[in-house]
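Read from first to last, the chains carry the letters A, B, C, D, E and F; within each, the first residue is number 1.
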């Protein structure tokens, strides 16, 4: 069986400082955060659902059966820089806090294709799920679970894109199938894992994958209020004026001919560039920020039209 | 010869509880269910047909000869989430009840492509049918059959798509051919097996496959009455009002710009999401369900236009 | 050299009961049947042609020379379900009767592609013809032939499709070439073999193949009289009324928006489905047949437009 | 080095009876036949050209130098059944008669692609030309040549198609290049070989190949007079009437909606089919021929539009 | 692990004479040059940023955290001949001067694809980054860094082109992924490396790559003033007149139907050709230059439309 | 390392008689011939440039530095038969005369692709340049060079076509890259080599290749005066009349619907065919030539539209 290092990027134990900071910086995603927290609670202790039904519905309700037939699969769809990958890789910090247990973050290597033999992709994906099963068994004990897992497939369209596309190679189809089999193998087990597929081409995912998703969340570029929150936090300590912040929020929003800034446009381009403009000779000024914001082009929108 | 585990997903003995529950939840498919039951009766005891002819037609009728020339092949065609795979993988429970015998469910791995050598697909498909023959011989004895088999090929278009498509690789054609040979090898044997091909792209199946099908059944998204039945069953115990159910049935139906909900949209998305909205702090309410139904997008229709 | 089992489906000695019954059920194909019978007579004893010339044309006529330059190749073209494959695989029964000799039916495996090395297709096709030569030598002796052969390539377009198609792979071209060489190797030998290529895409066959065909026969869906004959035979014993038969013949014919039934639509779908509708509780009725005939869609026409 | 049998179809020593008969049956190709005969004379004894110049032009003329720079390459272009392959494979009989020497016919296997390793095509084509060089050295001695060679590449477009086509694989380009190198290697040597490329897609040949051709001959379907000659020869002895022949010549010509018959349509289809219609019970009649000529479709024209 | 020589073009220690001269000849790129110099200062001593904040902003400012999350990745986008590759391969000379340390220039071989096994591309890119890590550890010591690195990927679109393109092979996607992983592995380390991707098809770069870029600089063909500077420097000593220089600047600019000259059009074509026109018999004249400038076509613009 | 014979067509020492004759027959290409001669002088003794600057420009001029940054690369672009390959393979004769040294002609085999392993193309191109370096070192000694080299890549588009083409395989891109690296490795060395790329699809060459070219020369079909010169030379001694020559020059020129004759149309088709028409029985006549010129189709123009 393929070793863990060939299947996943290095496995990370959560919470860790950097990812929790990222998680906290992600603003405006409360709905998704709450849903994931509830899913984690159920994974940790499925009996809570029955307890809830007894509290609020006088005992068992038929729909609870449906939960055992569900796959623990979530699709994060949205534009580049909209925070979907950042959330996928950091929400485990919140789960860890909620459950008071360690959460292990597994990120699939897209290179999961083996050393060249056709057919290996299939077995490698199979191996990845086998690892989750093995780790999942270790994570469960007579007194409940002792840890949980988050399994992230970033740029998932590369792996599980729709078989509608006529020109897809047989091998790729086999990869989709292996993934489907892996997801199905998790249904009904008590393995405490949440699988997240991130994609900026949700229309390219295979319908059989989409059908299995417990939920699909759509991420967008930050709204006005979100941009304000992000910029205020990032510029804290620079002493810029409130009206400059107002102007920045406006400038970085969408215009008639261009989209608004992404989260990463704000935090990885605009603010660092302003600082480097000033460094090392003078303080960063309101004018630096405004001038750069006028100049910096937001990341282009990832289009699906190229299909 | 390739081992069983490389050819099939784990073989399941039916009936089992989960699949029987699924079978029972599938509403509005009575015609298909009845036909499959009759086919099973004939597989278990072909002489019943002659007995019937004697009872009702004064002895042998010419058409009975045609049955020995038929392939035990059925095509389940229809949209994602229309229940075709669920039925294919669960109707064996009913057969088991009717025959009072175990029924073994074989599901072909689409990854049946070997470890990379061109040409292996062909031999692997051959091996899959060889397994059916071997198992079939064990299943038949001097006193009739002691078990039956259901062989399901899900997403069959990936395996046996039409050779009309000019760009198909030779290897894929060879796979279609191997499948044809496998089907033909079952004709006239007394092996108690029913083969089901599921596809959401029936137009993509090879005509030579279609020609051999004893019947092609088309599955659709649930009609109004079927949605009502499904929702009422799933929500049993929640105490929602009758008029809420009426509204849900309407909302989840097709609109001018969108299709109706699929079965899985109802049972794997809408209802669980409503429950998780409420959980763990309060009961699920009529408003939860109605609001979610307004928000939730039905699964997109799988189009064949991409050919 | 590749073994016979890798090259051909199991070789069948004709006549056998099933195939003779099929041959007899094929109605409306008298012209083809007669021509094939004559070809067989010449293969068995080429001197008959000279004898005929002497009887009817006062000795040798120049055209007889042309026969030695001819390939024993026939193309059966036509729609799915039109009986071309059924005839190709059964007319050997008639030859056997005519010649009073066994006739061996060889059916090429389309999977004739070897275990993955490019170039093997070529040598495998070469091996297939070598087998025919070897078998042919055994079949001929000092006192004439002791058996004859029929070599069928079904779905021949997959093997020998036109090199006009720009995107054809070099390997496939090599396969066409190997087939041409094989056919040419039979010209002028006394090997008693008839080669039949079946295709539903006659336009896709390579012109160099078509040029070598001694004749191309086009098969169509059954005409009114043929449908009547087929249905009457199949329903013999069921006691349906003459006017029901009339109606069935009409319903199963082509309509403004759809083609007529194929042979297999009649014998493998309509009639068995009617019987299974009735089975096991009641006799098949005229109404069963008429209702089903209204419902059953004829097989779609295989279009070549997808090129 | 690859053996001769893997490179060429069995090498044939000319003249032989069958091919000479074919050569004689090819009517209306006198220009090509004459040119090839002259080329052969020069190959056998290049000094004849100088002798001719001395006889008719008072000694050396500058243009004779150009002959040493020429490749012995001819392109036979034209429709399927127009006689180009038949001529290519039979004109060596005439050369043999003219030179009073044996002529060896080498026909390249299009399967010249090796056992699967990319790059072998190149070395195999190189080997084919090496064989010609080796054989050529044996064919030349102190007292002139003792034999000559004809090297035919049928369906040459498959081997040396234009590199204009963007989608051509690198390997195929390498094959063209190897062929160019082979042709160039013959220039200026005294090897008595004539290379003929036959193609029905002359527009698909690589321009670098076309540029090297000493001449390109275009073959067409038989004209009226040619059809008359062919039919009269083939039907000699059948006793058909002169006006029937006239009618046949007309019927087999091109019509408003269809092309005329090819040579092989006349000799391999129409006449043999008429004879088989009559055989074994009655003489072939004028009516047989006329009826069949009305029914038989001429071979379709090979179009290059599919590029 | 793959050796350094298979991964990179020969590693160059900067400064060296030739590249510094090139760097100095690159006019009009001051903004980029300054930014790269500042990035280098931070790489050499990240504490400078904090020191700056203390000097000018009364201590720590929140945005400094963002720097640890940044990738040291820059994209140089622009037309052929616009100087982007020349700058990428020479700015290390300036860094070396600024840091007073050697700077090592690593240029990725685009041929980083291994010896043919699919999947090796992935591991080779991984190896390339491993080399950077290894070299980076050697470059850092207890007393700060003792050298720095510049890692250039020229024609980067070939390596990391967008996965938007449907037809991209899985292997190529895996290469993008490996590159992403490599870039991510540098984030937060103290390895003194700057990664530069050069491309003339910036629209073809994968969005996930673009998102990680700290900055994207767009290079254009030289403006009027830049052409003047380049030409004056190159022609120094030839004695051409000032008005000739004016005319040359005009002629080499963009016209209605054509683009302006690139840097290399000026320095590698126009001027050397003028000199060779004169050499060896006479001095280069104003007329030579003007005539050649009229004749020489500027390099065509690299279009992205071919997607 | 791959042997020389696998990389290059047999290496030729120039001058030789045949190629010098070809070089002399190439009319109307004086500009290219002169430029190449000057380049050769500089290769043989780079100090001549400085000497020239001192003679005519009072010492060193800045532009001379640019020469050390130049690649010795020339692109010969133009239609089939326009003489570009002929010049590329023969101008070394002139260099040899000018330098009074042997000149070695290396012609790259387009088949430089190895025996099938992806990635070998890259190393083979690398090996080809290594050979040039090795030979170059032998060619240079303390007293200057003792020989020079010409390296010709005919049909260069097959090797170094533009990476703009989306569908190009990665391996092909790697080949372009290897070629770029090879060319760059020659810059600044004193290896006496001139590299010539011939192509009839100049638009298909990679921009990074084009950018490195010291000059691009465009070759066309012969103009009226050039046709006259060629024909007069070839027909010398035949005694044709002056007005016949005039007529031939006109007939072989471009017409409204067709292009003019190429050089090879004139020398390899028209004239030899006229001679063979007459041979062996009578002298070639003015009528022969005129009639043939009317009949012979000029070579079709190689179009780039097929991209």
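Basically, contacts are C-beta pairs under 8 Å (C-beta built on N, C-alpha and C of every residue); 3 or more make two chains touch, one makes a residue touch a chain.
These figures come from a predicted structure and were not determined experimentally.
Looking at subunit B and subunit D, the chains in contact with each of them are C. A turn of 60° superposes the CA atoms of subunit A on those of subunit B, with the angle given to the nearest 5. Farthest from subunit D, judged by the mean position of CA atoms in each chain, is A. Centre-to-centre separation of subunit A and subunit D, using mean CA positions: 67 Å. One simple way to say how far apart two chains are is to compare their mean CA positions; for subunit D and subunit E this gives 58 Å. Look at where the CA atoms of subunit E average out and do the same for subunit F: the two points lie 33 Å apart.
In subunit A, the residues that touch at least two other chains are 165, 167, 171. Arrangement of the chains shown, judged by which pairs touch: one closed cycle in which each chain has exactly two touching partners. Annotation: chains form a contact ring; the order from subunit D, going to subunit F first, is D, F, E, A, B, C. Residue ranges on subunit B touching subunit A, taken from their complex, read 9, 18, 21-22, 80-81, 109-111, 113-116, 121, 155, 157-158, 165, 167, 169, 171-172, 200-201, 233-239, 262, 264, 267-269, 271-273, 275-276, 278-280, 282-284, 299-300, 302-304, 306-307. Taken together, the subunit E residues at the contact with subunit A in this complex read 35, 38-39, 41-42, 48-49, 51-53, 56-70, 117-120, 122, 163-167, 170-171, 173-174, 176-178, 181, 188, 203, 207-208, 210-212, 214-215, 307.
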